[in-house]
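Following: one structure in structure tokens, then a few remarks.
Chains here go by letter, A, B, C, D, E and F, matching the order in which they are written, and residues are numbered from 1 within each.
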Amino acid sequence: MFVPYMRASASRVERFNAAHRLHNPNWSDEKNASFFGLCNNENYHGHNYRLIVKVTGEVDPESGYLLDLKLLKDIIRSEVTQRFDHKNLNLDVPDFKGLNPTAENIAYVAWHRIRKQLDNKLVLHITLYETERNFIEYDGQ
Amino acid sequence: MFVPYMRASASRVERFNAAHRLHNPNWSDEKNASFFGLCNNENYHGHNYRLIVKVTGEVDPESGYLLDLKLLKDIIRSEVTQRFDHKNLNLDVPDFKGLNPTAENIAYVAWHRIRKQLDNKLVLHITLYETERNFIEYDGQ
Amino acid sequence: MFVPYMRASASRVERFNAAHRLHNPNWSDEKNASFFGLCNNENYHGHNYRLIVKVTGEVDPESGYLLDLKLLKDIIRSEVTQRFDHKNLNLDVPDFKGLNPTAENIAYVAWHRIRKQLDNKLVLHITLYETERNFIEYDGQ
Amino acid sequence: MFVPYMRASASRVERFNAAHRLHNPNWSDEKNASFFGLCNNENYHGHNYRLIVKVTGEVDPESGYLLDLKLLKDIIRSEVTQRFDHKNLNLDVPDFKGLNPTAENIAYVAWHRIRKQLDNKLVLHITLYETERNFIEYDGQ
Amino acid sequence: MFVPYMRASASRVERFNAAHRLHNPNWSDEKNASFFGLCNNENYHGHNYRLIVKVTGEVDPESGYLLDLKLLKDIIRSEVTQRFDHKNLNLDVPDFKGLNPTAENIAYVAWHRIRKQLDNKLVLHITLYETERNFIEYDGQ
Amino acid sequence: MFVPYMRASASRVERFNAAHRLHNPNWSDEKNASFFGLCNNENYHGHNYRLIVKVTGEVDPESGYLLDLKLLKDIIRSEVTQRFDHKNLNLDVPDFKGLNPTAENIAYVAWHRIRKQLDNKLVLHITLYETERNFIEYDGQ
């Protein structure tokens, strides 16, 4: 069996549906309302989030896999999806106690949770779609 | 100018992002939790809803339009999107006082709101995507 | 070979990219500008049109095909796509001499062109997307 | 709780990935090759199939559900997805012993399998995408 | 409030529909027709363009935003969309006087227009889809 | 004609539908079944693969093209699509004699085939979607 040396990226797409509210408790209500607009609604609103997790590294020549995407799916589900799906991010998810659940900060939390479960040799990059028209990318910098 | 007689449908796609909770106050907490599962979360969760509004009728031979889709867009926005977007459907939208905000019931409310603003000669059908994999259709029956 | 009797629909998606201008020569310039808005631009604008052609009829039990979708693709291309693609609908396509190229009227022309090439036993329905958010359906009524 | 009487449709999207070959054993090899073209490849080819299952009926006023889409998902998975996914339809799936696995016939099998598990009051319609550009609809006629 | 230091990217998707013609006035008509093919049609054709604007920089720990995507949306609309939408790029848009409106050059113009409105600390990358199958990326190099 | 100096990327999307089986002949049947799971099915399964080919380089100021995407389309079709489409990758495609047709290895083969046909000044990156949720990126490293 011919075994090429190659470095590649493998990505997996997962989804979760959650409520959230953007709010900085150190700001006045007026500043929160003015800055965050509709996203500051005290009764929350919500989104179908789409998360794309990209892992980069060497492909194993024996299996032809960079990593088993079923394994990556399981990591994403246990670390992110099952914690965030059908939840209120502000009230139900301890990661956002004291952290404003903007898409940027959700990406930060998701990246660090997944990072801990991955082999150190793998590079991790995530993309988080809050809507079809707004999305965030984060790679740990 | 040649003017064909034709009957057609014209559709417009709009979106809104909202929080909701599925709950029947006449049921016990146990029955609600068992029946609605994660959707019964008392702190709410949320979705990016996609609404497709289809209007059927005769095309005006002078303009070549069934109806002006900018007009249909304005009706959808004033009747549905601006009322539901970035809202908690249970708490912020009077239409759901006493009405469980399932996708079926959201479609019911949206259809009746849009229906009132349309010419009686036009037939109305709506499709409401709650997620990319779950959607409801309703035509007033 | 087990041969079920069944009636079904088979659809094929094709695309074309064209320029057009909406204008009724029997109206004043003011009325055209007011009614058609940006679509009345005298220098034209354009779209990537997406056409979904649906044919309904009995499935041939020998082949298991309602009709060969390669054949349907060839009909759509020769009757519609090759005539409209990379064209100015108002200036280059004789079908729109004297016919305002609204999405409704483009659907009318496409339906009648395809209809002539199909077996009479088949029912024809088309959907024409002018943008991802605006589309027309027509079935010959 | 206000309980509207309404009749609606609820749809669920599922996917499966399978190999198949189109072939009629009663035809000569030449006729098979000429009629089915590349799809007649004796070594098989494959697709990511997308199945949209639409159920129509009355909405239960107590729950606000037409039916629980988790239940519909389970029916689709046990009756269709788990039987067809990552399979060779010609060799691995008994439903296609003696039945050419065209998209039309796959839709026929899927519809009848799902139909048996549904309440008689519900109307069933399915759409099967073989590719993003070719799809079949079937409702039991 | 816990305030992570992070560097991320935030993207916004916008659309515009325009007519254009590819043509180099320094070339003969024959060379233009041969090189640009159908895109050289003297009467123009058109597209639904999709523009993805990605901005990279430090996230503000107070707000949790890299930048307000409503602000980015407003910049894209005033600098690009409102100038190009429902226009003939060759005739109506001064940016293309003397500049062939290929997707590459449209991306160049859009990038430089948006660049002027952004804080110098932010990195800008754009993707321009001319069709669903053809797209350009540009980052100012 | 104003001629900007610019470096950009141009991408083209193509598709092919194929059967495959993941298997390492140096492993026991048990290890193959355990490691590759459903993908090890000895009768094959299949996918609609989507390939995005991105080329990066300088834009020619005369034409305003990085390269003619029709030319890139022809290279992709002759080097990849026509060889893989409606084929069994394990049995019909010599590139996979002795090479396990994982998405990683398919990307490797596609990249090297396209690379040979491109000008040395152009940088090549490809993305291969095996399903809508799993995809690989490769750039020759």
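Assorted remarks:
Just so it is clear, contacts are C-beta pairs under 8 Å (C-beta built on N, C-alpha and C of every residue); 3 or more make two chains touch, one makes a residue touch a chain.
Computed from a predicted structure; not experimentally measured.
Between the contact lists of chain C and chain E, the overlap is empty. Looking at chain C and chain D, the chains that touch each of them are B. With steps allowed only between chains in touch, the distance from chain C over to chain F comes to 2. The chain with its Cα centroid farthest from the Cα centroid of chain F is B. Where chain A touches chain F, under half of the residue numbers in use are shared by the two copies, so each contributes mostly different positions.
Taking each chain's centre as the average of its CA atoms, chain B and chain E sit 33 Å apart. Chain E and chain F have Cα centroids separated by 27 Å.
Centroids built from CA atoms put chain F at 41 Å from chain B. Of all residues in chain B, those touching 2 or more other chains are 132, listed in ascending order. All chain pairs in contact, by the document's touch criterion: A-B, A-E, A-F, B-C, B-D, C-D, C-E, D-F, E-F. Contacts from chain B toward chain C in the complex involve residues 1-2, 4, 6-14, 54, 59, 62-66, 68-70.
Residue ranges of chain F in contact with chain A, taken from their complex: 22, 24-26, 35-37, 98-105, 107-108, 132-138, 141. Contact residues of chain A toward chain B in the complex are 15, 17-20, 38-39, 41, 43-48, 85-88, 91-92, 131-132.
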